[in-house]
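Chain IDs A, B, C and D follow the sequence of writing; residue 1 opens each chain.
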Amino acid sequence: MTSMSSIVLAASEHADVVPVAADGVFSWMWLLVAIPAVSAAILLIGDGAGDHGPLDRFGHLLGTAAAIASFVVGVVGFVALLGQDVAERAVTQDLWTWMQVGGFDVTMSVYYDQLSALFVLLITGVGSLIHVYSIGYMAHDPRKRRFFGFLNLFIAAMLVLVLAGDYLVLFLGWEGVGLASYLLIGFWQEKRSAAVAAKKAFIVNRVGDLGLALGIMLMFAQFGTTNIHEVGLNVTNASQSVATALGLLLLLGACGKSAQVPLQSWLLDAMEGPTPVSALIHAATMVTAGVYLVVRSAAIYDLSEVARTAVVIVGCVTLLFGAWIGCAKDDIKKALAGSTMSQIGYMMLAAGLGPAGYAFAIFHLITHGFFKANMFLGAGSVMHGMNDDVDMRHYGALRKLMPLTFITFAMGYLAIIGFPGFSGFFSKDRIIESAFATNFWAGLAALLGAGVTAFYMTRVMILTFFGERRWREDVHPHESPKIMTVPLIVLAALSVVGGALTFSDWIEDWLTPVTGSEHHELGVPAWVITLIIVAVVAVGASLAYVLFARRDVPDTAPQQVSVFTRAGRADLYGDAVNEAVFMRPGQYLTRSLVYVDGTGIDGAVTGTAELVGDGARGLRRLQTGFVRTYAAEIFGGALVLVLALLAVNLA
Amino acid sequence: MSAVSVQAIVGAAPSPIEAPDVDYATISPLLIILGAAVLGVLVEAFVPRAYRFVTQIAVAVVGVVAAFVATVVVGAGLDTVDGEVTGRGGPTAMGSLSVDGPAVVTWAMLLFFGLLGVLLFAERRLDGGLSAFTSQASTPPGSADERHATRLRIEHSEVFPLAMFALGGMMFFASANDLLGMFVALEVLSLPLYLMCGLARRRRLLSQEAAMKYFLLGAFSSAFFLYGIAMVYGYAGSFGLAEISTAVSSQIGGQNLLLAGMALILVGLLFKVAAVPFHAWTPDVYQGAPTPVTAFMAAGTKAAAFVAMLRIFFVAFGGARWDWAPAVWAIAIITMLFGAIASIAQTDVKRMLAYSSIAHAGFLLVGMAGLTSGDGVTSVSAVLFYLVAYGAAAIGAFAVVTLVRDAGGETTHLGRWAGLGKESPVLAVAFTIFLLSFAGIPLTGGFISKWSVFAAAWDGGAWPLVVVGVVASALALFFYIRVVVLLFFAPPQGDGPTVAVPSPLTWSVVAITVAVTIVLGVLPGPLLDLVQQAGAFVR
Amino acid sequence: MTVEPFIGLSALLFAIGAIGVLVRRNAIVVFMCVELMLNACNLSFVTFARAHGNLDGQVAAFFVMVVAAAEVVVGLAIIVSIFRTRRSASVDDASLLKL
Amino acid sequence: MSFPWLTVLMVVPLVGAVLVAALPRSRPELAKWTALGVSLVSLGISLAVLAQFDLDSGGFQLSEQHEWIEPLGVHYALGVDGIGLTLILMTTILVPIVIVAGWNDADGARWSVKTFFALMLALEGLVIGVFAATDVFLFYVLFEAALVPAYFLIGGYGGARRSYAALKFLMFSLAGGLLMLASVIGMWVISSSQGDPSFLLADMKDLSVGTVEGRWLFLGFFIAFAVKAPMVPLHTWLPDAASAATPGTSVLLVSVLDKLGTFGMIRFCLGLFPEASEWASPVVITLAVISILYGALLAIGQDHMMRLIAFTSVSHFGFIVLGIFALTSQSASGSTFYMFNHGLSTAALFLIAGFLIQRRGSARISDFGGVQKIAPIMAGLFLIAGLASLSLPGLSTFVGEFLVLAGTFTRSTTAAVFATLGIVLAALYILLMYQRTMTGPLREDNRGVTDMVPREIVAIAPAVVLLIGLGLFPQPILDLVNPAVSETLEHVQVGDPEPKTPSFPIAEGSSK
């Protein structure tokens, strides 16, 4: 008895979370997934009806309605959860047994707690807005219906991911979003670049999934279960090395999904997809799944210093890496993509700080979801007006012609660089603080990142909306239709006020039961750090102003540039490395294996056959047709036989 | 007229000659067949030419059927004996014959083959109303006399009595209980065959050459056989298998005589069963001889010779098993591999079948490595079953060969067989079934027979032989399958093979052999029972 | 008087016969060599019969002669028919069947 | 003796085959419909069998037993356990699909249309017999007999090099079969040395086989099955056969016939030679992992669509064998489930690829491009089939694959890790093929490609539905398989490894 109680104590604070069986509203949470899933099925099977059925006229409405409906359910659930008292905010519902063999038992269960609730709101909320936006953006695409089908599919899969009560179910959603992302990146399949980008995304993600899958297997081998909650409990009994291994394997998975170094290379290519996709999947939601995974697995990371440190390092490297790329790109979407990488780097960094940082990771994740979605949609709106030209060097002075887009984009801009009072300010500030509190170098990296962020975002801002016009002749910029601007406005508003989540530490307290919490004391008072941050941001921004607002921007990217720029334009040679280390040797390997299979293994078989054939022809020649030869054979045989038998006796 | 009686005469000088007592009922099958043969000779002499052929057929068929019935009766009447080995029946006719289980089964088998053979001999519709045999063997090929004889539609109905003599010899061979008897039987079965080989109507040069080769080599090998007998006699002082076995197990000294004798006897027998290196005659003779004769010979000679071999080596030389077994093992291995490999390069159907018969001799020798007695699968039962299955398939296969013809008679070049599947699916399927049986594919008699010889050998501790056997079968498979591919998939050469429409005689042979092959594969139970009930040799 | 000389002689005859079969071309001669081998056997039969003091061997000799006679009939028939065809009794000329 | 369900199930297709073969050559349509009818009837019967199968009482059910060859102790004995029944269902489901999909494959072939469908039915009947045989001799006989129709299907209706492929296929299988024959004989000799010989699986399980000879005999069986399976390095017949045969034939070959190998491993290698199986498992596991990676890498290197799919199967069979010889309930059940689903997914891949090749007149991937634009349905279904082949979660193949891997992980982490690399390679070969054929700008010479016609959709739909349905609800089949698997493993006397970490006491009211 004593031993057991001691184990209880040993377990970190997650141990006292006790999921309660779902009832009332919560027993309907599965609708969150079901609605978009069914809608997706309808829209995609609609294919059978050919491309001119009624679905093609109203399909997009159905898809949007599904997203909104599921958002409503999410809100209801969230309100209900607020109603619960803290001890009962982890609700679980077993739907059916997915697979059960021997001791291996995986249940399709909904696990709805504070963390999932926030994600549900983010996914369905931003998701709905982007559905609405897409109605306008994709208005003229012949395969519109399928597009909304894929979007719904994504929403459903993403919700499976965040509502999963079991790591394997999470993996189901995990690969589901991967599939959706594959389909949407390659939505314009007739563009070879799009198809290639889609394939690349899927395969790089698979490499990450390798880690996740192995992690799940290790859980089963160690604990005999893959239920997230039970793993969380059992891991406290596991050895240090097991926890570390799990942590690193999960991190590999996270890197894949969240485009963290070293698996970052796919994200920039992923911009081949339609802009709403980039906003929803590759900015707001899917790419943050890695952060979700780490936070969800807090119990594991709490037990392994090594794993946490790895997370921090990945975060720091990526946030600088992404920022660097962001500075060098002229393609507005790629610039934003770089920034996404870097922002997720922040989240990872925060998550790597352990209980001190989890909450802030999620906080930044949400605010980033708002302002980055906002900016991507803004970029989409710009492209919409510029005949889908993505080169910022062909923009300029758009603020007059696209006022709404400009305003909303500006809100997002201020938020991301962390202008005081805007959402990004609070979330990023928290992260940098706790980074400093934990490790000076991590803090420094984060701080530096903030400055660079300010620099490249200001650059984007200036190149796009200020300066003089550098448009092509046939381009007639115009503001986008309401259907597109309304979502922009909403998101802009959220980007501004999103910071409110942290007032009176609401979000920290809200998440504490899930993530635990602890507070490292800084050497200096918090406001000092804040001042430093603001100062650094100001420097970055003004530097950009000096470089891009004062001089006029060359229409084509100059070639005589610093190695830094060149490296940045080449995505810091990520692809080059992949090609040199994996692709070329791989191709060589397969080619040589094909050869070996043909000549070696199959050759051995056919070779034996030929050998026998030759032997046969040889023997055939013995049959000379001369009776005396035959007689000789008989005589010889007889002789040998006699001698052999005699030899037996004489021996 | 046997050794024992001779001794009796000399032993007590004054005493009157006592008549040898012979149980004629027991050996009636033998007598009936030989009787039919003699009758056949008389028919040749006295029946007018017009009716001769038919009469001969009648005599032969009636003789064979009667003999078969007699055999069944005799077999039913055999009484079980429990000596050191369990068996039934035993020596008769003053110990010169041993009418025991295996002997009776073999008789039945041989008579069955004989009947099928006769039916094939009697086929006259394939070649413009003439049989497969030359009109006058005495006339040189292509000579005016030959054409004249053909025009007169003269026919060699002697083949029937010859066949009967050969058949009688085979039956005698399989049941002879002393070496001298065996030698005589060997010659009685061989001499008619030598002649029959030379009687082909078409391609007479080849036919005559085959006859000569077979004759010279046969005589040559039987000389070895005889010399072996002489040495064994020198060792044991008697021809009786029983006496020899007692000598082998009890007597000291003179081993070399025994060993050399065994070796030479083995040579003679291995020649008959076409085992390497005494096989060389087989392809040439099988190809040159008239196909019906080849069929009869292939099935009959092998059966008789194998049973005789088992009898000598199990009964007489059983005591010296570990002296001869290794040699037999070695020869079995060589033969299996040689037959399997050599057949691959063949382009002539009849030669191909000849090589396959060599390979089968090897598998049968594997069967010799089994246990001599017991209630499971013994050597005897395995070999007997194998002989039935193989014989039926072989006769069937050669029967098919007689039907695939072109202007020059039978066309035996494999290339010309391409596309037979389209020309005559039934025939092609039948031939395929025989080939599959040779290859030992399940649900054919060949499978069960291979299975039982391997099982017997493994039981006798000769699993290495089984392994080699399996490898050899795999090699042989390659060839048989290639022929099947040829029959069904290869594009026919020119206008493809033509299939002559035979009389019911040949059809019935094909039908019967197919049926037997399938039944032995699907329901081998009864025959397996029979051969196992037959028990061991009784001396 | 021991049997060895007789056996030796018979073995010699047998060997001569066998070698003859291998070296001679004329079918008739080849056949005669076979006959020689058979007679070698006869010699040893008779010898052993004496040695063992029973008549079996001697009787055997008679059987062998009869058989040999039969063989001659068959053999000559075949050889003659071939000779009439080819105008040659050489066993090497008859080698159409091969491979 | 109750109603002989299994005999009927086995005989109906065979009789159907004879019936179809007897139809007039001049009425091909009639033959097609008859064949379809027969295959549907046998599907119905198999479902009836399923309905009678009692999940709770394990062991062999619906057993029949009659003396066949009394002197040898051979019986005509049938019976199904969960494993056999699952595979029988797979067979009866696939054959109608193949018939509908291959409706016109035999038109204009050198051989008559009716024979084509007759052979298919014959194959179905024999294979069902193999899955149901509980007598080793009967198993062997049917195992070999099943080759004959397959051989003629390849050689009679394939494309170029068909007779070479057919011969190669037959030679490999028969050679393997002969080795098995040697082992069967060995078993018989042992059995007869220990009393009356009997080939009944139940009796042979109880024989006391010496360790050494047991291992040799095991080898005989295993090699025969490894040829069928096919495992590297005995796989070279498969790509040739698959590329030469018609798509339908390839399906029957890879999805159905090859399962005899893996099925035999569970039923006979583990069943008859538990000790030897455990002894051999390290080597076999290594070979399996090699097959997984080797097959995948070669698939990546192929330009011929059918060859590519064939090599993916080599890789998948690696997983199946791995699961069997990892000797854990998860991996073994996973393998059986995998067999079922691999049947479906590979069938879909082969058939759709077949439609594509038939329309374009070329099987070279490099001859395609942008087909998605003009044949969206085909592209969609092809993608689903491909995703199933790379076992995407949510599709049934994933369940099997993950169970195999998880089970293996508990037994041999190294093997599991290397095997898991396979999932990345799988993504590569499938998506490369999809990208090169379906996406990108439409090539001029592909304009002729039309989208799938209703018949083809009807043929593929069931497979796709099952793949998705069983992906989310695999438990019904797993319930069918589990008891049989656990019985087998008990016979081998290996238990699943315990979780390595002591489990934390779980508080009241928790989720499970």
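One rule holds in what follows: a residue touches a chain if its C-beta (ideal position, glycine included) is under 8 Å from a C-beta of that chain, and two chains touch if they have at least 3 such contacts.
Protein identities per chain, from UniProt: B = NADH-quinone oxidoreductase subunit N; C = NADH-quinone oxidoreductase subunit K; D = NADH-quinone oxidoreductase subunit M.
This one's a predicted model, so the numbers in the text were calculated from it and none came from an experiment.
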{"item": "Selected pair, greater C-beta contact count between A-B and B-C", "value": "B-C"}
{"item": "Farthest chain (mean CA position) relative to chain B", "value": "A"}
{"item": "Geometric centre distance via CA averages, chain C-chain B, whole Å", "value": "25"}
{"item": "For chain A paired with chain B, centre-to-centre distance based on mean C-alpha positions, whole Å", "value": "80"}
{"item": "Inter-chain centre distance, chain A versus chain D - centres from mean C-alpha coordinates, in Å", "value": "36"}
{"item": "Distance from the mean Cα position of chain D to that of chain C, given in whole angstrom", "value": "66"}
{"item": "Touching two or more other chains - residue numbers and ranges from chain C", "value": "18, 21, 30, 91, 94-98"}
{"item": "Overlap residues in chain A, where contacts from two or more other chains coincide", "value": "620, 623, 625, 627, 631"}
{"item": "Junction residues of chain B - those touching two or more other chains", "value": "212-213, 216, 220, 283-284, 478"}
{"item": "Which pairs of chains touch, using the document's own definition", "value": "A-B, A-C, A-D, B-C, B-D"}
{"item": "Partner chain A, residues of chain B touching it in the complex", "value": "212-213, 216-217, 220-221, 224, 255-256, 259-260, 262-264, 266-267, 270-271, 277-278, 280-281, 283-284, 323-324, 326-327, 330, 338, 341-346, 475, 478"}
{"item": "Complex interface listing, chain D residues touching chain A", "value": "168, 232-233, 235-236, 294, 297-298, 300-302, 328-330, 333-334, 370, 372-373, 376-377, 380, 387, 392-394, 399, 402-403, 405-407, 409-410, 413, 416-417, 420-421, 423-424, 427-428, 431-432, 435, 438-442, 457, 472-475, 478, 482, 485-486, 496-512"}
{"item": "Contact set on chain A toward chain B in their complex", "value": "609, 612-613, 615-617, 619-620, 622-623, 625, 627, 629-631, 633-634, 636-638, 641-642, 644-646, 648-649"}
{"item": "Residue numbers on chain C that touch chain B, as the complex places them", "value": "3, 7, 10, 14, 17-18, 21, 27, 30-31, 34, 37-38, 40-41, 44-45, 47-48, 51-52, 54-57, 59-60, 63-64, 67, 70-71, 74-75, 77-79, 81-82, 84-86, 91, 94-98"}
{"item": "Chain D - residues contacting chain B, complex", "value": "68-72, 140-141, 144-145, 152, 155-156, 162-163, 166-167, 170-171, 174-175, 178-179, 181-182, 185-186, 188-189, 192-193, 197"}
